[in-house]
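Naming follows writing order (A, B and C), and every chain is counted from residue 1.
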């Protein structure tokens, strides 16, 4: 029994860094704002190379200074020698915050009734206090695109930073109207539609999309001329896509659908992003030629066809990047968005390379979202979304030591960690006294 | 008299497979790798010689016997074949969901050796999987332990015939949803789940006694004893009570785990492994003391209510409390990177390399009762080996070759892309599946529900 | 043992049939339909008396359903009606060794108020070994006439139902005046299909339940034996399932197990090995990998008399990427392999026969020709249709060859039977002659040889057992060919559904096309063929697995 406890002790000590900023009994640590000096780290800027022995000053939520010799007497100094700093990771497609427990319908808020509901705002339904957010951010994912699901136009996605008590505090400055492009793949094993039926369904859906687009165009033209039209929130929202105010994020996956989607958007003057793009590797050159940026994932996924090489999903992002497509990654998850670094690692290993994979979770999404001056790299003036780790955070053995979001120092605690603390060495143990 | 004996012999042998062809065995010398034995440490620049399917020698400067192929593993890692203690790969049917107890059904009856999932698992270094009945029943069917011999036509050739019998149990939401909520039969609650178990075991005791009484009476001269009704369901439960079958129980909450430990103790059952066990960490000392441990997910949680209070540190807590702990997939995708799932225990709980690797090799082998044959690189064990580029616990690791019984079934360099063994002559274009069903724990239960659509979100 | 038993009972029935047949016909017939004689002589035909023997010129004398002579110098009695056989080839009548022609599945019994899905009554769970195919059989069904038209004179009909539907019966495909029964209680039908929403619901449950039923039948028999010879023994519980299963356990009758592919073959064989019953497998479609297993097992094998639809192969496009081409190639290979299996099975020495369950008799000859083209010898093909089938169902003594003393079951063809130009002109069943019209051979011109105009809007009516229905057929010229659509009552509910027509062909005055109906997720293919004369068409529509039904149409003059 004695030896047992001793083992635990050494074990706990080994994990001290993890828990140094974790919850202590009876005390709750909140995200902490202020001025921080991260001293003497190896900084992976993403856009400006790797800087050794570099310090970073965080002020007013921003990276205010970077260099080897920063003096800031009023800043809290955090010694980062021997540690690495990366920009916070961006997951470009999740339902994080929109769902608590997937099998309990009362807690599922990512889908509305109706086929044309672009006016549904994901940001409204984000629960800033979901258990999943603290679970996510300790992995180094600091920013997520939260995306509604459903019909042809299921709603409007929003980018959030994983800190804040209201959706507006979390909002990171990007929204897009989501479109589910008519899909010629099967929805599942139970989908027994004939090929002809699928084709017919698709033609019908595309016809509907075209009609809606024309309506939105007319709506926009009339409104621009000063017309006062009936309240029509669905079309009003689509009109913002027509006018270029909001981008259109098109979920499309099967190769032939991707080709059709490229044709469909060709004559439409909209800012278009493709998402999903599971079979993008089959038509990578065409996507590159159309200059449409892509959000793809999950990477850790099965091939879409039985005949595909087993690693088709792992290598998809890399193949598209090689063809010249601007690629961002997503987990398409809700409670396990924390696995984004591992999805990125798989993409890196299966052809994308580490550098490009890092871009796909940092600067590429920032550029796709038009936020390259705020997010996606460690540069002076950018939002202080930073992670400090013992080594490359894509590795599972890496420990994340500090996370900053919007300049807030994030407590490295969540329910998973609290349960660990409580139950590692349970008391009473097997026998009660 | 003689006829009766034949019948009894038949009863006894029911669960045995009568004949199977000799499965292929190979020889190979893997040179100069970093050999991760898992049980006996790690050796640099070391060779592994497999002959006729068995690891003959692990050491330096081994030379290949004539006719034995040599593979250069310089700079690569050599580890034992990965074992998945929870999968539904290669099964044509997953759930016989139609009764709270279906102990009589055998997954060996519906093994499908052509399923592409086998090859995909090999490409992730997995050589053995535990093909389980689903979780729709309190007592599900008997599982099959498979060796991934890709390309065999006969299901018997991918069944690990020397593995002991195992059976699926399930507690909590799934059986209470299918039977109680779905069809108005017990169990509707975790109370009912316990009652179903105790009823079943007590009936099995009576059944066993009825046959024993009958057989004894029969041995008397001039006996007119009448044979009891034959019931393979109760016979199987009796076999569990006799220690002939290992229980693998789908479970999530600590209370239900503790309940089954108590039931098992009351009936003298020692062969018990918990599956999923998301709240196992709360009763880790009990699991360690009374069972063969837990087989868990690395990080799955919150997909249903009974896994809301989970922690990714579960495996580490169980391991540190002395429970045999394995990491499983229960998923056609996760099975492809169990090495990566095991590596997550390093982030969530600081497991050592050997502890993490044990969770996908020797520990699941123990839970399947095959640790004397597989699960580590040791002389005399079966030649199930994976060669990795990069350390298998690195997120960038890529399996290069996978051997089962010394035969190479996966080679990243040489294999054709299209590995399908069965192609429909009547389908011009193969179907595209965007979300192929990764999770099949509740497959084949759809017909029991009026609102089948509600089911697709709660599969595990 | 099985064979002897069969032979004895068959003979008995056969003799009875003979006597009753004569008495029934010694009556006046105000309908005028009765034939004037039961004696026929087919003269100077090319007789193929058994598989593998050269056809030779001979005459055949038939009386009261029996072949009384085959040879050159037969003395032909005065009452014989002579059929000039000079240009005809004669073969033994084909035997469908597992058939559901004319079988209607009985309605499911109502569920009792205390129904429990985990323990349903046998009858509801599809365990009905006491049922007989005879009770489900209708000789007047169009499926029976289709089968006969394809040259089949005898069928081993199996009941339709759940996992154990019941017992089969051997029948001749004669006319409606007779029961046509040769033997009842021939075999137990079984399959691996689960019951819906109750135990056993899946293959794995069905296999467990089969073991349970089998073992408890065995125990019940023991108990009954004990009860019969001892006092003081509790009365054994007798139930219809165990009673009906008893002959299977005694190995007095075989189990005819329906299996589609190699895995199902192995599943049925594993049950057989475990339990020890007599086994015949039927319905095999995909079996290349178990040819050796089948050979080693010695069980009877009945292939499904069908080849895969070739639409997938024919629709392959030219302008596709290499990757798609490679996939096409694999589909083509799978297709070729499927068709070549029968030849391989025969070459391995497995004496198989055919089952038409799930197949279209109209396409039987096309399927056989394809198999022959892919390696099946004509001798083996004929054996499968005749002698092998007779052996497997235990009827070799009375059927399978053209020989003195055998049942007068014959196929009379305009040429060698497997020749694509040949057509069946007469089928003689049980001594009754059925005549078929010989048509000018279709030419597959896509409108090129069209001698009638078919474009336009047609209103059609069709008669099926479900009642009469109708709709519109629209056909337009498209390049050298035609395209079109058809409307019909939506099987999913009310209203009309529309399908496009494919394989539209005109040959002489015959218009034919195919369309697909989606019924409950299942795609059913319907073949329509009819003679066009001016603005009317008369013909038949063939619905896969259900039979053929009359259809007539009139064109709207526009």
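In this section, a contact is a pair of C-beta atoms (placed from the backbone, for glycine too) under 8 Å apart; a residue touches a chain by one contact, two chains touch by 3 or more.
Here the structure is a predicted model, which is why all the values come from computation and not from measurement.
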| item | value |
| --- | --- |
| Touch-based graph of the chains, sorted into line, ring, star, complete or other | complete |
| Innermost chain, taking as reference the mean of every protein Cα atom displayed | B |
| Higher-contact pair (C-beta pairs counted), B-C versus A-C | B-C |
| Between subunit A and subunit B, centroid-to-centroid distance (C-alpha), Å | 34 |
| Where subunit B and subunit C are represented by their mean Cα positions, the distance between them in whole Å | 44 |
| Rounded Å distance between subunit A and subunit C, as computed from the means of their C-alpha atoms | 60 |
| Sequence positions of subunit C contacting 2 or more other chains | 327, 330 |
| Residues of subunit A whose C-beta touches two or more other chains | 307 |
| Junction residues of subunit B, two or more chains touched | 418, 420, 429-430 |
| Subunit A contact footprint on subunit B (complex, rising order) | 116, 119-120, 123, 173, 281-282, 284-286, 288-289, 299-305, 308-313, 316-317, 320-321, 332-333, 336-337, 340, 343-344, 346-350, 390, 393-398, 417-420, 429-438, 446, 456-458 |
| Interface residues, subunit C side, partner subunit A - complex | 327, 330, 500, 516, 518, 521, 523 |
| Residues of subunit A defined as touching subunit B within the complex | 7-8, 11, 14-15, 100-104, 131-132, 183-190, 195, 253-254, 276, 278-279, 300-302, 304-311, 334-336, 338-339, 341-342, 345-346, 348-350, 354, 394-399, 415-417, 419-420, 423-426, 429-430 |
| Subunit B contact footprint on subunit C (complex, rising order) | 116-119, 196-205, 207-208, 211-212, 215-216, 218-219, 222-223, 226, 230, 232-234, 236, 262-263, 266-267, 270, 273-274, 289-290, 293, 308-309, 311-313, 315-316, 326-328, 330-331, 333-335, 337-338 |
| Partner subunit C, residues of subunit A touching it in the complex | 192, 194, 196-197, 307 |
